[in-house]
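A, B and C label the chains in the order they appear, each numbered from 1.
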Amino acid sequence: MARSITNNRKALNTAIAWTIGLLIFFPILWTILTSFKTEAQAIADPPIFLFFDWTLENYAVVQERSNYTRFLMNSIIIAGGSTLLGVIIAVPAAWSMAFVPSNRTKDILLWMLSTKMLPAVGVLYPIYLIFIKMGLLDSRIGLTVILMLINLPIIVWMLYTYFREIPGEILEAARMDGASLRDEILYVLTPMAIPGIASTLLLNFILAWNEAFWTLNLTAAKAAPLTAFIASYSSPEGLFYAKLSAASTMAIAPILILGWFSQKQLVRGLTFGAVK
Amino acid sequence: MGKIQLKKVTKKFGDTQVIPPLDLTIEDGEFTVFVGPSGCGKSTLLRMIAGLEDLTSGEVAIDDTDATNTPPAKRGLAMVFQSYALYPHMSVRKNIAFPLRMAKMDPAEQNRRIEAAAAALNLTDYLDRRPGQLSGGQRQRVAIGRAIVREPSAFLFDEPLSNLDAALRVGMRLEICEMHKRLQTTMIYVTHDQVEAMTMADKIVVLQAGVIEQVGSPLELYHTPRNVFVAGFIGSPKMNLITGAEAAKHNAETIGIRPEHIDVSATKGTWSGRVGVAEHLGSDTFFHIHDTGLGDMITVRAPGEVSFNTGDTIHLTPRTDQMHRFDAKGLRIA
Amino acid sequence: MATKASRSAARLMMAPAVILLLGWMLVPLTMTLWFSFRNYLPLRGGDLGWAGFDNYTRFITSSAFWPSVQATLIIVGAVLLITISLGIVLAILLDQPMWGQGVVRILVIAPFFVMPTVSALVWKNMFMDPNSGLFAYLWKFFGAEPVSWLSEASLPSIILIVSWQWLPFATLILLTAIQSLDSEQLEAAEMDGAPPLSRFLWLTLPHLARAITIVILIQTIFLLSIFAEIFVTTGGAFGTKTLTYLIFQRVLESQNIGLGSAGGVYAIILANIVAIFLMRIVGKNLDA
């Protein structure tokens, strides 16, 4: 294991990896850079990479014209609300499956997963119809419930895999030490489960934030989150690159930052614990 | 006080009977070891005493009071787990304090007991660390510390040393024994290692498939094993068990002779064979002898350094007064 | 440990999640099934009665059906091929010792966190636009005629966008799998005289087989229902109308609910075929 690798080899690895990494990241970088250009510089020929007159004007225009704050608030409320609601419903379910497993636990878990596989388009109209009948179309509450439901299986699964890693002997030790069920949950289980719950919240917030089927199809103006905000730039406004970039940057910046924190949990959450 | 009685205790997992009706009394202050091969039900039995496992039928009595339906927290017993089961999010101090905190003990008294336990277990310098920062042996000490501070009526140990390396295991074994001498509290200790059982116990309970094969002091078990199973299980290297014609000569189905009860000679003896592997330990020499015509390989333990090499012919003389005889059911013939 | 009281408590605690998901699955599914057998046109008279299997046959025999299946298969297949082969290369690369590994990792993963509408629009306008997109400049720089990507090479363009979004996912999972490979195994093979290529072919690749299968299955399920990328780029034109998009158009654009629902049932069946394989793997892992 501890074999010294020549610095040449390491330098080569570094050069290749950074080149590829920057290439993959380039569209994001380019978008962020363009958001600080004037419209004229944004389409300059040849393209200007760094040496342009940095301006915040686009952000001001986007905010003024399309009321970014409202979309942002919708995104936060819908993604945050659906995640919180989902976790509140999932914690007891995952807890009981992890600590009081029965011979049906596995079937229930797999069945929950199967609901995640349901193609959204297959149930688009029924949901649309239900939303119209219940007056939920273009409402935050309706979207919150839908996003909670589509992410609930992932939330249950993630929590279940985290809870299962808490060794049963520790809970037994607490019982031997004289802890009541309340003490056990309060002083032993909860502190040990908090990291798992936090990761679950984080990843599902991201998934809900980026969800773009239901948010596009069930909202119009009032409850539209950032996904719809960007879609409204489709054309012809999309040709104003600097403003499109500013809008895009504002839509992805919060989640990029959160996403970098969650990269470790990503694998577990999206593979249902099948790859660790 | 810590007298523990099991009365007609049984346990079923589904349709599988893990423990058939079983009676056992553990006297106050006794160091009792449950020993047996893995899957023999020894851990289940311990967990039933702890209250972590329900009884299918029967009764567990602690100090002559029925405790069958008492939750583990109320039984006044302390347990040390195989995995140590320390609370990873608490410091060593908080781990040890946890049972006291649960008992709502006065903080000053809590501190006094924690300091005393830490001093006794050499943990004083580590009280503010997390379990993750400790070595295996230190974690083990913390687990013991957490058990001691409660001053329980009995300690339960579930294979506590099996995750430690060999040298540490010997040291901890000694410490637990010394702790028992000092506290004079009932201890029940589960292990699959018969050496631990022999060295630590006042009383050994040998279990196989949920059935008690024999209860007795280490030397009783060594000298008068009740059946073939106990004979083969207790003692290291294992007792040689010989069946067939040689056993018939002694009016038995099976005869047993321990490796240390066979004398070796280059010239004459009752049996003869060829030396296979010779293990020189310095203090003793173990020979594995083939082609004796007695069936299996025979193991011999000769004191000191005895020079036979692989392939040499060797003559063996069993000390007949140390021979164990068993009948067709495997029971000892007196 | 598991006493009777705790069992019934456990059932009670599971109930909300189970009931919600049961409702979420059954109610819309039943409705879709029902509509699929109805002649239901909300804008032209509403529910016009029983249609039998008409919608099912009409959906398959419509001129748009087979092209949409073809487009779906090409997109899913190509994206899988690209993300997995590049993902393996990247995963191995990222596993090598280098300076700034953490930063490179972050750079590579970033596209996964970009919302689909943003990545589709950025690629469409700022890279693939035939007049002022970055690709147009690049082509002109090399003296070539700029390509009108999304109309002339529409499928490859969509594939590029979607692959860019999913490459991080494949890379991350394959990297996790590579890191779990026992280094002693590789050292043993090295001692046995296996050159690097053989070590990759006979040890690393088989070790990755499971992770690759999982990536294939999970990505397939998500890729079968990509929507926003097509919605904001071509709107289903230029041969990019996937099965999902076709159903979406039947339901919401032409408001032919019966026909769309029949398509939806086909999509559900298709997704379930993939899902069964995925569940087997996940289920097996649950026992371990």
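Quick note on the criterion: a residue touches a chain if its C-beta (ideal position, glycine included) is under 8 Å from a C-beta of that chain, and two chains touch if they have at least 3 such contacts.
Since we're looking at a predicted model, the values are computed, not measured.
Here the chain at the heart of the structure, going by C-alpha means, is A. Centroid distances from chain A, each centroid being the mean of CA atoms, peak for B.
By C-beta contact pairs, the most connected chain pair is A-C.
If you average the CA atoms of chain A and of chain B, the two centres end up 53 Å from each other. We define each chain's centre as the mean of its Cα atoms; on that basis chain B and chain C are separated by 57 Å.
Chain A and chain C, compared by their mean Cα positions, are separated by 16 Å. Residues of chain B found to touch two or more other chains are 52.
Multi-chain contact residues of chain C (touching two or more other chains) are listed as 1. Residue numbers of chain A whose C-beta contacts span two or more other chains: 172. On chain A, the positions that touch chain B within their shared complex are 167, 169-170, 172-180, 183, 187-188, 191-192.
Of all the residues in chain C, the ones that touch chain A in their complex are 1-2, 6-7, 9-11, 13-14, 16-18, 20-21, 24-25, 27-29, 31-32, 35, 90, 93-94, 96-101, 103-119, 121-127, 129, 132, 134, 137, 141, 164, 167-169, 172-173, 176-177, 180, 183, 187, 210-211, 214, 218, 221, 224-225, 227-228, 231-232, 244, 247-248, 251-252, 257, 260-261, 264-265, 267-268, 270-272, 274-275, 278-279, 281-283, 285-287. Interface residues of chain A, counted against chain C in their complex, comprise 1, 5, 10-11, 13-14, 16-18, 20-22, 24-25, 27-28, 30-31, 34, 43, 45-47, 89-90, 92-93, 95-97, 99-102, 106, 108-115, 117-130, 149, 152-153, 156, 168, 172, 206, 209-210, 212-213, 216-217, 226-228, 230-231, 233-234, 238-239, 241, 244-245, 248, 251-252, 255-256, 258-260, 263, 266-267, 270-276. Contact residues on chain B toward chain A in their complex (touch as defined above): 50-52, 71-74, 77-79, 81-83, 85-89, 98-99, 102-103, 146, 150.
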